[in-house]
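A, B, C and D label the chains in the order they appear, each numbered from 1.
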Amino acid sequence: MSGNFGSDNVTGAHPAILDALVAANTGAAASYGADEVSTRLEARLAAVFEHEVTVFPVISGTAANSLALAQLCPPWGAILCETGAHVAVDECGAPTVFTGGGTLWTMDGEAGRLRPGDLRARLAGSRAGDQHQVQPAALTLTQATECGTVYTPAEVQALAEMAHGHGLGVHMDGARFANALVHLGCAPADVTWRAGVDVLSLGATKNGALMAEAVVFFDRAKAENFLYRRKRMGHLVSKMRFLSAQLEAWLADDLWLRLARQANACAARLAHGLGQRGLALEWPVEANEIFVRLPVALAEALEGAGFHFYAWGDPPTNGAPGLYRLVTAWNSTDVGIDAFLTTLDALRPAAA
Amino acid sequence: MSGNFGSDNVTGAHPAILDALVAANTGAAASYGADEVSTRLEARLAAVFEHEVTVFPVISGTAANSLALAQLCPPWGAILCETGAHVAVDECGAPTVFTGGGTLWTMDGEAGRLRPGDLRARLAGSRAGDQHQVQPAALTLTQATECGTVYTPAEVQALAEMAHGHGLGVHMDGARFANALVHLGCAPADVTWRAGVDVLSLGATKNGALMAEAVVFFDRAKAENFLYRRKRMGHLVSKMRFLSAQLEAWLADDLWLRLARQANACAARLAHGLGQRGLALEWPVEANEIFVRLPVALAEALEGAGFHFYAWGDPPTNGAPGLYRLVTAWNSTDVGIDAFLTTLDALRPAAA
Amino acid sequence: MSGNFGSDNVTGAHPAILDALVAANTGAAASYGADEVSTRLEARLAAVFEHEVTVFPVISGTAANSLALAQLCPPWGAILCETGAHVAVDECGAPTVFTGGGTLWTMDGEAGRLRPGDLRARLAGSRAGDQHQVQPAALTLTQATECGTVYTPAEVQALAEMAHGHGLGVHMDGARFANALVHLGCAPADVTWRAGVDVLSLGATKNGALMAEAVVFFDRAKAENFLYRRKRMGHLVSKMRFLSAQLEAWLADDLWLRLARQANACAARLAHGLGQRGLALEWPVEANEIFVRLPVALAEALEGAGFHFYAWGDPPTNGAPGLYRLVTAWNSTDVGIDAFLTTLDALRPAAA
Amino acid sequence: MSGNFGSDNVTGAHPAILDALVAANTGAAASYGADEVSTRLEARLAAVFEHEVTVFPVISGTAANSLALAQLCPPWGAILCETGAHVAVDECGAPTVFTGGGTLWTMDGEAGRLRPGDLRARLAGSRAGDQHQVQPAALTLTQATECGTVYTPAEVQALAEMAHGHGLGVHMDGARFANALVHLGCAPADVTWRAGVDVLSLGATKNGALMAEAVVFFDRAKAENFLYRRKRMGHLVSKMRFLSAQLEAWLADDLWLRLARQANACAARLAHGLGQRGLALEWPVEANEIFVRLPVALAEALEGAGFHFYAWGDPPTNGAPGLYRLVTAWNSTDVGIDAFLTTLDALRPAAA
């Protein structure tokens, strides 16, 4: 349904990715990642990132994030992240169990982005070597953020340097990495290893795959023993070619970037339309998520008209407008965006 | 490659299952299992098992087993299983981490099947209520077993009754459940809940799916809080329809049984051929795995001729024949089996 | 050293408690808590609290808190507490590991006490039943608080009712419970089970014991399986009589209350003296901790004169006075307090 | 009661150790191990073992073993031990939880001692680098063993070399280390670091202390981050001087060796007496444990006469004699042993 802005994970898969599954379904193949498709994938990602990489395909963003963070954070460690980060609020404690008991230290960001000053203060205030306290071990940045904003390479670098200076590893939750990348217009390397990222969760599921994410290590030493963690968490897929094939097709011919551009363009169109109508955007729309203030009655009327999206954060009080999140995706269309805006115009007088 | 008897997971997917993915790829769908395909799947499995069920599709057998066992076994509990069980030797300790620190108690079986007397003795010897010792909490039976044999309903029932009598829950690792079922020729219910099984890991991956297993609870109360465990282990798939669709197609028109019959028939043909040639089968061939003693030189010659299979257990000494495992699958063919036997005949004089 | 105000755990043990160890050291005694002293202890605590109780002596407050909380909070649960609570900042993540991966949700309190409105909002904002989020499971209140303040029975009751209304269990961290109790002047029952507390960590170590705390369950059902947890965490002491004897002597003849009164009286004397001198107390002094603003130079001069106490929180900037914590104990004396004040007077002109 | 042979933990504490507590109870002392007694203890143990050491006093053998093993074994690792080892059967899974999910691999020994051939085979049969299987990480030897026997330095060395050769760390569970040492008559170093032991759990509780064990690292690098593990497991004692003082007094003037000699001598006297009476000792009596076959009626009659000891292993069938364990301790006496034998003589005709 083109009117479903609930999440980018309500979409199906891009046909080219389904085709790749069919193509991979030929003959016998070594299991557990020793197949040819999986081997090619690592080389492909090395080319994409202009750097040697160690790659582990997995089936969910939660798995990718938690497996990656467990490589950086011991049981007595702390993972520093923004308050609204997916790892902190949407994974039911997964990083804690994967790290064997690690702790999340959250900091309120600005439009979803951590502020260097806050990170500096938090690191300065941690008691290094004090046995009574968990020890900062990893920084995780969400790119694009949960507010639909994007860190610039310079912003990533500033935070990563600070983290490295205190001995922390740096992870990037890239569930919407492609959306961030096309916004920035930079090379994948610029906003990852060149900016200090040690390991990336590269998400394809929200951007055209069925279920496929890649944990990409730029520092191979940090991948040591990953394979045991993956297996004991149940995340080693036996017919690995069917994961790798999704990722290979997604990267081929810049499909991932084209899909992300489409999602972002529709988000920009929607943001523009909302702005023209005097509706307040909560944060700049830099990727494929729009956060907008709407009168509650109008939001309900839009839902009644068949559009789907979520209320965000605490419910409004005293008749104030509510905050709503709309997400565009790789298969969003101008027609769909315009239909939403037209319906909104039609409903607005009655709802207001 | 038709000559790959390494495992049933070297095979691809059945075309009908790929077709189902394409069919499921229509429009937007609610994520996390609230979609229509997933809803239909639970009803379908209730019909298959003639019992109400609570169903959770996951992507690997290790995840299915460990998530199921975690529902039955507290951190201070013990899971009783056969020495060679997949949970004990092939999952890198997954049941331990999913249960929060549970322990596996292994018992040597007979051709992979636990003996009631051994279970009785082990339960009698456990010190119930003794705070110094982990407490037996779950019994897990592998069906078909790791030796390619099959428990009868009566055998399952005898063990399950004993387990229930001591307060244990009963799990069945059904990575090759379909292969066992067609061997038995009974109803799915007969060898599961009617025989005392509380929860089943129903495996489709080895039998025609890309990656799809279902955790099937016959006792819904035992499924409480499963959804939190699944999520925090990274096993909640956002585009769930793509897991459910595989399972739905696999069950439709008895595809799962037809595929298992094909695998079993090829295994029987291979076993018969090996027997005719005077080669010793280690255990009865009741499903799709053959364990055979071969002169090491012959095994190596077969590998050299392009066939693939694994040596099993400890390496032979003093020129004794080795033990080898060959696995047939849903796409094995009589032609492929005969080619193996013909090659074996050709190589045998030279190798001997 | 009477001038050590660093913590109440720098003190030794009260002679009566050492005498009790000697008295308990007679003949053989059943191990692991089946001895006579341990049996008597449970009866004694039932009398003290006017309620049946299940009691487990342990050797540290961290163990007591974490073992108690693990009974209330599943791996996917959240424990709600004040931001500065010992469980949150001084136990190196112990509650996380004991609960098998639970999460701490912190809320800023007022002088260390949680505000009902904040708890209400946090519970209202939690997404009950949402598999993506950890589920609130326990409330823990520190009595006396980390700010040296005390919850009244009515305050405990208001918070506990709210917690129970959402299905949470209620724990009290009573590392300084005796200090709180003598401040309140109420019965032990009034501020525990009568106010809705399900389980109490009752601390004796800071108040005259060598190392002894008791986990006291008022709801016996909530103690189920505690003995396995305790053992597997290494906290089952074999010669239990030596733990129980400390607690028994501590409770006998109201020794625990007398010692707490002495500590509190000295704290009050110190607070009064500081106030008289125009020095600002950060929070009301209701137990045995004093938080006071001192010029940094004065604090350093006092340290130089042989007094010991800790700077608290973030270091002051721009020449502002610093915040310091001084803790009195069961063996503090008026003479010691007056010596501190006299020295302060002597140093003050020079330091200012 | 001198007739209690149930365990060496039914005894109280040696008076010199209680005296040491009183002596340590002077003035204020820095908490958490920064006190003078704790500092002296590390130097003392370095002298005892003729090697630099890093020492952590804890309150139970389970804590000492599990904390030590967690330093050697990652969550995906296996700890190799004898089938009857305390860590395997008497700690309710503690090593599993402390290691974050490690696995115990047990091997049947000979009179409690692991055989080099079995260890060699087990290590050879492990699949190093195979992600499906837990990886051997630590060897733990119990000294004296659970059968009351003792490894010679050469035996320890042979096993430790094998373990080190496969990259495993070597731990010694020395709950009864002193008893083993006085049997061997060698230097403490000879049977620990000189023989390849990396870390020792040195037990004092069973040999005269109230509750005190020391984790002694001979390889300081292996102690890294131990302090965080100890704290988060609730095993950091605030008034550490009261743990350290026990250990210091226990080591002073060879008290630990004198107490162990007394226990061993009484065990030898008892073993000799039983042998003279034609009663079968199950294993050589080399420390302070005696395993003897007794007619069940005789054992019951002895219990009836006020002696206490435990039946061991599976109950006897068909009227065969049972196996019983008797443990002598630091405060056992010749008189007590003779009283037991005399009573046995008196009861034997009637019981037989």
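Following the convention adopted for this analysis, a residue touches a chain if its C-beta (ideal position, glycine included) is under 8 Å from a C-beta of that chain, and two chains touch if they have at least 3 such contacts.
Here the structure is a predicted model, which is why all the values come from computation and not from measurement.
Across the two candidate interfaces, A-D and C-D, the one carrying more C-beta contacts is C-D.
Note: the chain lying farthest from chain D is A, by mean C-alpha position.
Per-chain CA centroids place chain C at a distance of 35 Å from chain D.
Distance from the chain B centre to the chain D centre is 42 Å, each centre being the mean of its Cα atoms.
Centre-to-centre spacing of chain A and chain D amounts to 52 Å, using the average Cα coordinate of each chain. Annotation for chain A: residues touching 2 or more other chains are 75-76, 91-93, 96-97, 100-101, 131-132, 134, 228, 231-232, 236.
Interface residues of chain D, counted against chain A in their complex, comprise 32, 74-76, 100-101, 131-132, 134-135, 225, 227-232, 236. Across the complex, chain A is touched by residues 75-76, 89-93, 96-97, 100-104, 125, 131-134, 314 of chain C. Considering their complex, residues 1-2, 4, 6-7, 9-13, 15, 18, 21-22, 24-31, 58-64, 66-67, 91-94, 96-98, 205-206, 210-211, 228, 231-239, 241-243, 308 of chain A touch chain B.
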